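One chain, chain A, appears in both complexes that follow, with chain B as partner in the first and chain C in the second.
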Partner chain A sequence: MNGIDVAGPQIAVLGAAGVILLVDALVPQQRRLLPFIALIGLAVSALWTISWVARDDYQTAFGGTLSLDHFSVFFYFLFAGITAMVVLASIDWVNREGRGQGEYYALVLTACSGLMFLSAGRDLITIFIALELSSIPQYVLAGWGKDVRSSEAGLKYLLLGAIASSLLLYGMALLYGVTGTTMLAEIGETIAWSGDANRSVLVVAMTLLIAGFGFKMAVVPFQMWVPDVYQGAPTPVAAYLSVGSKAAAFAVVTRIFFEALGARFLSDDWSNVFAVLAAVTMTVGNVMAIVQTDIKRMLGYSSIAQAGNFLVGLAAISVAGGEFTLGASGVLFFLAAYAFTNLGVFVAVIAISQKIGSDQIRDYAGMWKRSPFLSLGLAFCLVSLTGIPPTAGFWAKLYIFNAGIRADLTWLVVVGVLNSLVSAYYYWGVIRQLFTGASEDSTAIRTSPSIGLSLGVAAAGVFVFGILPMPLISAARDAAAIFAQH
Partner chain B sequence: MSIGIEHFLTVGALLFCLGLLVALSKRNAIGVLMGVEMMLNAVNLTLITFSRFSTSERPITGQVFVVFVITVAAAEAAVALALAVSVYRNRDTVDVDRINLLKS
Partner chain C sequence: MELTVLVFLPAVAAALILLLPQKQEGLARWIALAASVAILALSIWMFFDFDKGQTGFQYVVRKEWVDVGSFNLQYFLGADGLSMPLLVLTTALTAASVLVSFSVTMRPRAYYACLMVLSTSVLGVFCALDFMLFFLFWELELFPMFLLIAVWGSGRKEYSATKFVLYTIFGSAFMLVGILVLAFSQGTFDIEQLGQAQIAGTAIPVGWVFLFLFIGFGVKLPIVPLHTWLPDAHSDAPTAVSVMLAGVLLKMGGYGILRMCVTILPGVADDYSVWFAAIGAVSILYGGFITLRQTDLKRLVAYSSVSHMGIVLLGIGALGSTALMGATYQMLAHGVITGLLFGMVGLMYDRTHTREIARLGGLARQMPLLATGMVFAGFGSLGLPALGGFIAEVTVFLGTFERYEWAVLMGIFGVVLSAGYILWTMQRVVFGPVRHEWDSLPDQNHWWEHSVVAGLAALVIVLGVYPALVMDMIGPAINTIMLRVGS
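Coming up: the complex of A and B.
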């Protein structure tokens, strides 16, 4: 029973997915209840996680393959919140689409349980299964829309994702071959014990792991799919991909690299690789975002650029004074702040695009007169993405760049700050269109309660953590501290 | 000359590189999928080899891993074929060069 209790948050989410499918099949006239069942499942999952926090009795289950610790608890809350916001933001779109409502919510919840398992897995097999459990529903969701561009996005995402997960698997196989085990902790011990005898194989394995997860994290040079899939996939699904699967990929990369590949002679290598990837990723993302005219493509490139910012935290492992989890806690804090911010942006885009029937930035002109609420929410979240106070995005950038400077990566921080200036240019372009542009159509846009609620929560989160970032920072520090023992 | 671990690993590595080459060069979506399947089977061969020649007290782990990889690969192929059919219905082609509606 212990294992079921430890995996309770995931089981609650999967159970809700099952209930949704049953309700959809047996009482089709009650379809409008489906999103509420999804929200109840997520709430039960969050309550179950809270009960573990209250018990303060962190433990592993299933032979040590699944770990309930501060790190996974942090991500359980994050993923439950992200999925709840995505469900709220999907309601209008799913109702309008009409078909397969039960399957849509069931797939979103299944992907959510995969993301949760991914953040808690401490074994390569578990991590692989969790990765696919979250990816396969997302492939289907990306191809969910009726138009041909959506199926094209789904197929592209799947083909590239399958190649990436094969590369990842080969890396895992090499890691297993060198160490004879798939448990992360034992891999770490074996590598520390045997020294750099197998260094060359380990470097190859590490490269393959970075390539495989780099696809999910949307890091250059594995970012080609991002703008295409964001543009073609239904907007709520694009929001889910941009926040959920990116956060889970960074979670599992942090865990694998700190716990299994944390030996000094390896961490010097991969922190250098991450530093270079960070600089290239944010530069490519920002430069390409400038020339985009479609807001979903622009957000795709902007999310690539943000992935570059997260990588600064992973590169900053060699912080002076032995505080080598400072960078990792920066990644966690940034991921949480980014989740609120980017979801807010996507929710506003969902609401506006649905009404005006276009994703072109120039069609957003004069939106301030048509819907002050959506315009203000969107503008505020874009300000946070740029990293200007008083927003959560400002503290996240400050925190992660501070970790970079303390790890002697001043050049990378300079690149990061310059990139923030570049990003201000294209985010500002959208804000200018919203407030100063003129549009022929001046009918007011009415926001549905679900969209209003999710945008309100996102903007409130960005604002509150922009004024009082300390609770979130200390939660992120506690979560990253589990890697400090060795 | 007896056949040892290095022979199996070499075959696995070659098969993996060939699969990657197929996946990256094929223009037909189904062809890309076949390349991916080849890469996955190369990984399976590598895992089985490491498991067979393992000196750890739990050499079975590699074989367990393979069972999971096979299962997941089947699930992934099912979804891939469904999406390919969906694209084919709309566009009358699964040529990845001609599936190009998404661009800036």
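Coming up: the complex of A and C.
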């Protein structure tokens, strides 16, 4: 029973998925209740997590493969929140689409449980299975739309995802071959004990892991799928991919590299790799984003650029003065701030695109007159993505760049700051469209309660954590502190 | 506590305004007016309550804000003799800008909310004593300014608003790097502590840190050649925004240079002082010559601001107590005078709907009150004795003469130019043959217009005939800076 209690937050979410399928099949006239069942499941999951926090009894289950610690608790809350926002943002779209409502919410929830398992896995096999549990529903969701582009997005995501999974499996197999175990902690101990005898194999394994997860993190050069999939997939699903899937990938990479591959002779290698990837990723993402005319493609490239910012935190493992986990806590804090911000952007885009039937940035002209609420919310979140105070995005960048400077990566921070300047250009390009120009159609856009609520929550989060970032920073520091004992 | 109320009252007003239902949107301007009168009264009370004999910061509020181990940030506000007059200037001009836009009917809720947030931002900049808090307030101004220009502006407003944003972001990116390097090397963001520490051992040479901060502040001041956003922003902004922009936003740059660059890095400031004087003198002359050629009334005043802010930089370059006091005084005087001047231009524009100097003329007959105000503001701007600008300019030139004679000579020539362009403009706009197309237009006729003009004009006179009122307060603060420079 203990294992079920530890995995409670995931089980609650999966249970809700099951209930949704049953309700959908047995009482189809009550379909409008489905999203609420999903929200209730997520709330139960969050309450279950809270009960663990209250019990203050962090433990592992299933032979140590699943770990309930500050790190996974942080992500349980994050994923429950993200999924709830995605569900809220999906309601209008799903209702309009009409078909497969039950399946849609069930898949979203299943993916959520996979993401949660990913953040809690301390064993390579568990991690791999969790990855598939979260990915397969997302492949289906990406192809959910009726048009050809959505099918193309789903197929592309599936094929590239399969390649990534195989690379990952290869890397994991090599790690197992060298160390004889799949448990992260034991891998770390074995490597520390055996020294750099197997270094060359470990470097190959690491490269494969980075390539495999790089796909999910949307890091250059594994980013090709991002703009196509974001553009083609239904917008709520693109929001889910850009925030949930990315956050989980960063969570698991942080855990594997800090816990299993944290030995000094290895971390010197991979921190350099991450530093170079960070610089390349943010630069490519930002430069490509400038020339986009489709807002979803632009957001795709922008999410690539943001992934480059996260990588700065991973590269900063060599922080001097015992602040080993500063970079990791920076990644977590940035992920949470980014989740609020990017969801806000996507929710506004969903609401606007539905009404104007276009994703072209130029069609957003004069949106201010049609919906001040959506325009202000979107603009505020874009300000946060740029990294201008008083927003959560500002603190995220400040915190992670601080870690970079402390790890003697000043050159990378300079690249990061310059990139923020470049990003200002295209983010403010959208803001400029919103508040200036005129559209031919000037009918007001009414926002549905679910869209209003999710955008309101996102913008409020961006603002509140933009003024008082301390609670979120503390949570991220506590979560990252689990790596400090090594 | 007083400062917290002062800074955040406008923000609270902004929130209230945004919560108004559509039917009640007419109330927006009254809420904005009430808030701005309240902060004006509060700041005046604080001004007279201020202990002039004491150096250091007063009305201090200090709370833990963000503590992440490797750096600590505080919610730390305080005012000294340098910031107190600037706070009063800001509240006065906030009230003025609310009053000059009392007739705005297009989306009044968003408009007044933006104005109020702008006010919070500037007030915060003038009294924040934590460098990151300062930066937060500094950036807070960006978004409302963008909206105010882009939505309620005229002409090429989109272009101007975007240019304003990009210039500011460019400058603040440099500033942020400077702030971080400085703070990490000293382990504190506390401006008071940084202002007493010997800065050494920074990650990049202190000269670079200074330069980065200077670029950030210089864009705002503005200095030639970083000034090109200013005429565009001014000419396309609505009147109230021009008043705020010229009146107080530019002063954020001058204040930043004095408070941060000079106080924290006095050694570097001393080494570079000749560059300050040179850039200041060039700004005065260049601004003056360009102003002569302007055909648009608002662009004309905007370029004259470039010239007048050059005087501030010239005074800072001299790094003597007289010159620094003059520079501070110039910020105040220019704030009030140019605020008034933009107000007058705006009121004229509201009636004639043109800013083209060639199309105006003889307005003294049709609008005697407006014309009087205009001429009065013009006299202030050209530095007529007994008005505020004169005291400031004379003090700066006297203080600078010993160190950079050549720069003062250039500066004085700039003042001659300003007499030229102001008088010439007045001749073309206010006097000369009457144009009958303006016959039917009303003169200054609303109570809010009368009160703005009368209030600001009175301030110009007070600054001109009773400088001790403010100088006594600026003096001790400047002496503190001079002690740093001297050591």
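FYI, the second predicted complex is superposed on the first by the 486 of 486 C-alpha atoms of A that agree within 3 Å, B and C clash if a C-alpha of one lies under 4 Å from a C-alpha of the other, contacts with A are read in each partner's own complex, and residues count from 1 in each chain.
Convention: a residue touches a chain if its C-beta (ideal position, glycine included) is under 8 Å from a C-beta of that chain, and two chains touch if they have at least 3 such contacts.
Because the structure is predicted, anything quoted here is derived from the model rather than measured.
S.K.: Output check: A:152 vs chain B and chain C. Expected answer is one of first, second, both, neither. What do you get?
M.R.: The first partner, chain B, only.
S.K.: First (chain B), second (chain C), both or neither: which does A:477 touch?
M.R.: A:477: touches chain C, not chain B.
S.K.: Name the contact category of A:446: first (chain B only), second (chain C only), both, or neither.
M.R.: Neither chain B nor chain C is touched by A:446.
S.K.: Is A:420 touching anything from chain B or chain C once the two structures are fitted on A? First, second, both or neither.
M.R.: Once the two structures are laid over each other on A, A:420 reaches chain C alone.
S.K.: Kindly classify A:264 by the partners it touches after superposition: chain B alone (first), chain C alone (second), both, or neither?
M.R.: The answer is neither, since A:264 touches no partner chain.
S.K.: I'd like to know which partner A:410 touches here: chain B for first, chain C for second, both or neither.
M.R.: second
S.K.: Who does A:162 touch here: chain B (first), chain C (second), both, or neither?
M.R.: First partner only, chain B.
S.K.: Taking the superposition as given, does A:436 touch the first partner, chain B, the second, chain C, both, or neither?
M.R.: After superposition on chain A, A:436 lies in contact with chain C alone.
S.K.: Which chain A residues lie in the overlap of the chain B contact set and the chain C contact set?
M.R.: The answer is that chain A has no such residue.
S.K.: With touch defined as at the start, can you tell me which chain A residues reach chain B in the complex?
M.R.: 124-125, 128-129, 132, 136, 139-140, 143, 148-149, 151-156, 158-159, 162-163, 165-167, 169-170, 172-174, 176-177, 180-182, 227-228, 231-232, 291-294, 297
S.K.: Taking the touch rule as given, give the residues of chain C at its contact with chain A in the complex, in rising order.
M.R.: 65-71, 107, 110, 132, 135-136, 139-140, 142-143, 146-147, 150-151, 157-158, 161-162, 165-166, 169-170, 173, 176-177, 180, 184, 203
S.K.: For the complex, give me every residue of chain A touching chain C.
M.R.: The touching residues are 323, 326, 368, 372, 379-380, 383, 386, 388-390, 394-395, 398-399, 401-402, 405-406, 410, 414, 417, 420-421, 424-425, 428, 431-432, 435-437, 468-470, 473, 477.
S.K.: Of all residues in chain B, which touch chain A in the complex?
M.R.: Per the stated touch rule, the residues are 9, 16, 19-20, 23-24, 29, 32-33, 35-36, 39-40, 42-43, 46-47, 49-50, 54-56, 58-59, 61-62, 64-65, 68-69, 72, 75-76, 79-80, 82-84, 86-87, 90-91, 96, 99, 101-104.
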